[in-house]
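Right, I'll just put the structure down here and ask away after.
Chain lettering (A, B and C) follows the sequence in which the chains are written, and residue indices restart at 1 in each chain.
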Amino acid sequence: MTQQMLTRRQMLKLLLASGSTAALAACGAATTTQTPTSPPANDEAETGAPAVVSEPGSTVNITYWGSFSGNLGEAEQAMVSSFNAAQSDVVVDYQFQGNYEETAQKFTAGLQANTIPDVILLSDVWWFSFYVAGMISQLDSLAQAEGVDFSDYEPALLNEGVRQGKHFWIPFARSTPLFYYNKEIWAEVGLPDRAPETWAEFEEWAPQLIEREGTTMRRAAYVHPNGASYIAWLFQPVVWQHGGQYSTDDFTMTMTDSDTLRAAQFFQDSARSNGWATLVPDINTDFIGGTAASMMASTGSLAGLTSNAPFDVGVGFLPKETNFGCCTGGAGLAIPSGAPAEKQQAAMKFIAFVTNVEQAGVWARNTGYMPVRISTKATPDMVNFFNENPNFKTAVDQLPLTQAQDAARVFVRNGDQIIGKGLERIIINGEDPSTVFTDVNAELTRVAEPILEDLREVEG
Amino acid sequence: MPSPRERHEWLLFVLLIGPNLALFAVFTYWPLIYNFYLSFVRWNFLRPTKPFVGLDNYANVFSSAQFWTIVTNTFVFAFFSVGLTLIIGLALALLINQPLRYRNTARAVLFSPVIMSGAVVAVVWSYIFDPRYGLIDQFLRPLGIASPNWLSDPAWAMPAVIIVYVWKNLGYAVVIYLAGLQGIPRELYEAARVDGAGPWARFWHVTLPGLSPIAFFLSVTSVLATFQAFDIIKVLTDGGPVISTTTLIYHLYTLGFVSYDAGQAGVVAVVLFMIMLVLTIIQIRYLEQRVNYG
Amino acid sequence: MTVRDETILARPVVTKANKGLLHVQRFFGYLAMALAIFLVGLPVYWTIIAAFKESAEIYRIPPTWVPLNPTFENFSRAWNAAPFGRYYINSFITTLGGTLAKVLLAVLSAYALAFLRFPRKDLVFLVLLAGLMIPPEITIVPNYLTVGRLGWINTYAGIIIPSAAVAYGTFLLRQAFLALPFEVIEAARVDGAGHVRILLSIVIPMSQPAIVTMALLALVARWNDFLWPLLVTHTSDMRTLPIGIFWLRNSEGVINWGVVMAGSLFLIVPVLLVFLWLQRYIVEGIAAGAVKG
């Protein structure tokens, strides 16, 4: 009955939430750096590593559960192989466990039956649940032992996984939203070859981008995903741009603040009274098919869109409203608690390796995820890659301007869907934003309550 | 007092059915009982403790404004899916159950969606439904009709899900009906013909009664299957737009595996089970009495 | 095949009066077949041709009805993306094991329910039917714990046994057994035939279409099952075919539909062949039943 859960839509969700795509490979020669067998000699993670598990002849075998399959899986496997080849203390076994949701489900079930991995990939909306339940380890002492230099990690990405000054979730496969436009349509209607600076500017452009046939819109200026394809992730930056937010850091829900409502009204008008946007389950297909001229989507879709679209794909920073706003997404690595110290240390060694300056670049170039290390951007391979893929450069340039999402979406279990379904009511049913968000606010508050209780227990 | 022969038969009965029931007890009923227990506690699948909360979960589920829409959706989906599958399936089976050329080809084609995974089917149909370049639009456009926005319009999403579900399961009903039709002893037709019965009389007095055990089986299992239909809804609409295609089983899934609220998911599991149990008992009471076991 | 159909199904007595009617009836039969083949077959055709299209063509508007540059590349790309050979072996083992267990349990249970006396048999029947009312979604977590306690995680037993119990097939076979001509069984009993002989020489041969149908449906369910095998296996060497298809979905930022559809055909074609082969037995079973009856 529930076979084959990963569908195109979920696939998309995965992409939107995470970003993926090995097809960046198709864009440039730089991807031949798939052979990172050279030992990471000048990486601080290796040089400073005390030999905790390196008694001669003893090899620690650890299991790594991840959500990467297909080309991403190959890239991940290559990374694991190069780790295994680069040192002899630890052998990592990478096992694909399904998409993010299924990986988290398996981890949950595994915790009950005591069949858990030593390293696990958890998405932005998952890691916090395991943290609150005390199921993932605090990594600072382990990282220190491996000589990990946290100051070189992109702070926007790293700090999300920090609670009370301690690191629990290390950024690995991270993405952000990006504004995509169809250069061919842009040229056809005579727009400048760039993303709109502001939403007001885009609203001026929109009428020219639309194409109608009777009552059917044959081409929309812009396309929204639905709740299941993570509209709440893409609405997050729009709320910030309007000066609002989903919630405050202490889990006070702010869905009914006037600026949040203003953003909701903007989304409603885009699809209804102003009529330049549509809402579909699969935005990438509409964009590639030319039935939508632009969209916000994950940086992770960049390579796939570039190689599949029969036109030139343009990208830009998200448009501003009152101010600029952009959020992060994707997945990071965690170490389950309860494992023997030796295994935990081995797991940290692996995490340090895959997020070192060189490997972060290999991974970003092979997959399209953001480089998680600051100094990676200056490496020659990366500079070459940027020159050949200016769109990817744009995506990376936007990264320092991003911030972590509001608690309502990532820390409240199902918060993403509660907000997403609310937006569907506003956009599809045309219901009054303040009525809908009053409901959403109440529901988020109710669901957040037990989480707060747990949090107080964990953090005091 | 049962006779020794009767007792021997009882023992044999237990031996034959025992292994099956034992497997059910462990892997099906135990989870149900466990869910019943969970419906009275608060648990997120991760906490070490499961505090008892009385009827709180029930109150939360039943007081939600969405819940009754979801129940309605469930019944609408089940009614139309089962009704259309059983009626169209019977008509097709009767028409095909003749000495026709390519009969087996037709049956194979009809059955092919049954063996395809629901997820693959739903993916293909999401293309077919697309209002701008889907297959349906290709056929409607020459007629000057604008394709509805099947999957994005709350009014059309449920019909779309029902169409796909019927499409996928129709062949199954046809094959089951055909197996039933072919199991009707031909002597009965001969006898009826000798008695001067026309085609209609033969249909009413031979075909339908002969088919009734299988039709009863189909109606019960189809109803139970639609109440648990999950993957097509998951892939095609994700329960949306808004909640227009959210059924109880989808709700259960969301509560369990998205919200990780074991208590509320347990409540929906219990509710779903009770609804199906009541429907099945009604069917057994009123339908099986009329079933003709030749 | 058609010849056999004719001999089995053609009504031997054809009077002039109903000959015309027969023609009308056949006309509608062909019409229904044509319509069914078109409505059901078109989306199936759509799935198949997508596997032979290049990825740009799949996104073309309007869509193409015949692949412009038919290619097998999707198939080789799909095959190389995951250890499909190993997945096939695992799928064969778990599907065959699971189906055999189900057929055996169903035949035995249905025989007991249909022909043996037992106090409150209707209740036993309802208890079994209740198995159909428990959605697999709710069994996942408790069963994982049970399987974990049994030490069956990442084993064939762990994949097969939790779903070996059979309510649906028992029900189908009970219905089929009950529909058998009672006199034949009674006559055999009078002749001194025991349960084993009645089951093997009368009930099973005469219910062959139902048993084959039941086996086929069980086989399809096992073959396509995804969530449970994914949950209960941890390593690539224990994984089954649907999980392999899953690998393909995640290949690029935009899904390569051709590859996914090609992979889906890996999954669909074997069961389709099994069905085409088995449907002969459904027909032959009827012939056998007709002779005996």
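Here, a residue touches a chain if its C-beta (ideal position, glycine included) is under 8 Å from a C-beta of that chain, and two chains touch if they have at least 3 such contacts.
Just so we're on the same page, UniProt names per chain: A = ABC transporter substrate-binding protein; C = Glycerol-3-phosphate ABC transporter permease.
Please read all numbers here as calculations on a predicted model, not as lab measurements.
Between the chains B-C lie more C-beta contact pairs than between any other two chains. Note: the chain lying farthest from chain C is A, by mean C-alpha position. With centres set at the average Cα position, the gap from chain B to chain C is 16 Å. Put simply, the C-alpha centre of chain A and that of chain B have 38 angstrom between them. Centre to centre, using the average C-alpha position, chain A and chain C are separated by 40 Å. In chain B, the residues touching two or more other chains are 45, 117-120, 123, 132-133, 228, 230, 253, 257.
Multi-chain contact residues of chain C (touching two or more other chains) are listed as 61, 135-137, 140-141, 224, 226, 242, 245.
Multi-chain contact residues of chain A (touching two or more other chains) are listed as 1-8, 105, 108, 112, 285, 289, 291.
The residues of chain B lying in touch with chain C in their complex are 6, 9-10, 12-14, 16-17, 19-21, 23-24, 26-32, 34-35, 45, 91-92, 95-121, 123-125, 127-128, 132-133, 135, 138, 167, 170-172, 175-176, 179-180, 182-183, 185-187, 189-190, 193, 198-199, 210, 213-214, 216-217, 220-221, 224, 227-228, 230, 249, 252-253, 256-257, 262, 265-266, 269, 272-273, 276-277, 280-281, 284, 293-294. Across the complex, chain A meets chain B through its residues 1-10, 101, 105, 108, 111-112, 129-130, 132-133, 135, 214-216, 218, 226-228, 278-282, 285, 289, 291, 413-414, 417, 421, 424-425, 428-429, 439, 447, 450, 454. Of all residues in chain C, only 55-56, 59, 61, 81-82, 135-137, 140-141, 144-145, 147-149, 153, 224-227, 230-231, 234-236, 242, 245-255 touch chain A in the complex they form.
Across the complex, chain A meets chain C through its residues 1-8, 11, 14-15, 19-23, 63, 65, 67-74, 93, 95-99, 102, 105-106, 108-109, 112-115, 284-285, 288-291, 298, 300-305, 307-308, 310, 368. Of all residues in chain B, those touching chain A in their complex are 42, 44-47, 65, 117-120, 122-123, 126, 130-133, 146-147, 151-154, 228-231, 234-235, 237-243, 253-254, 257-261.
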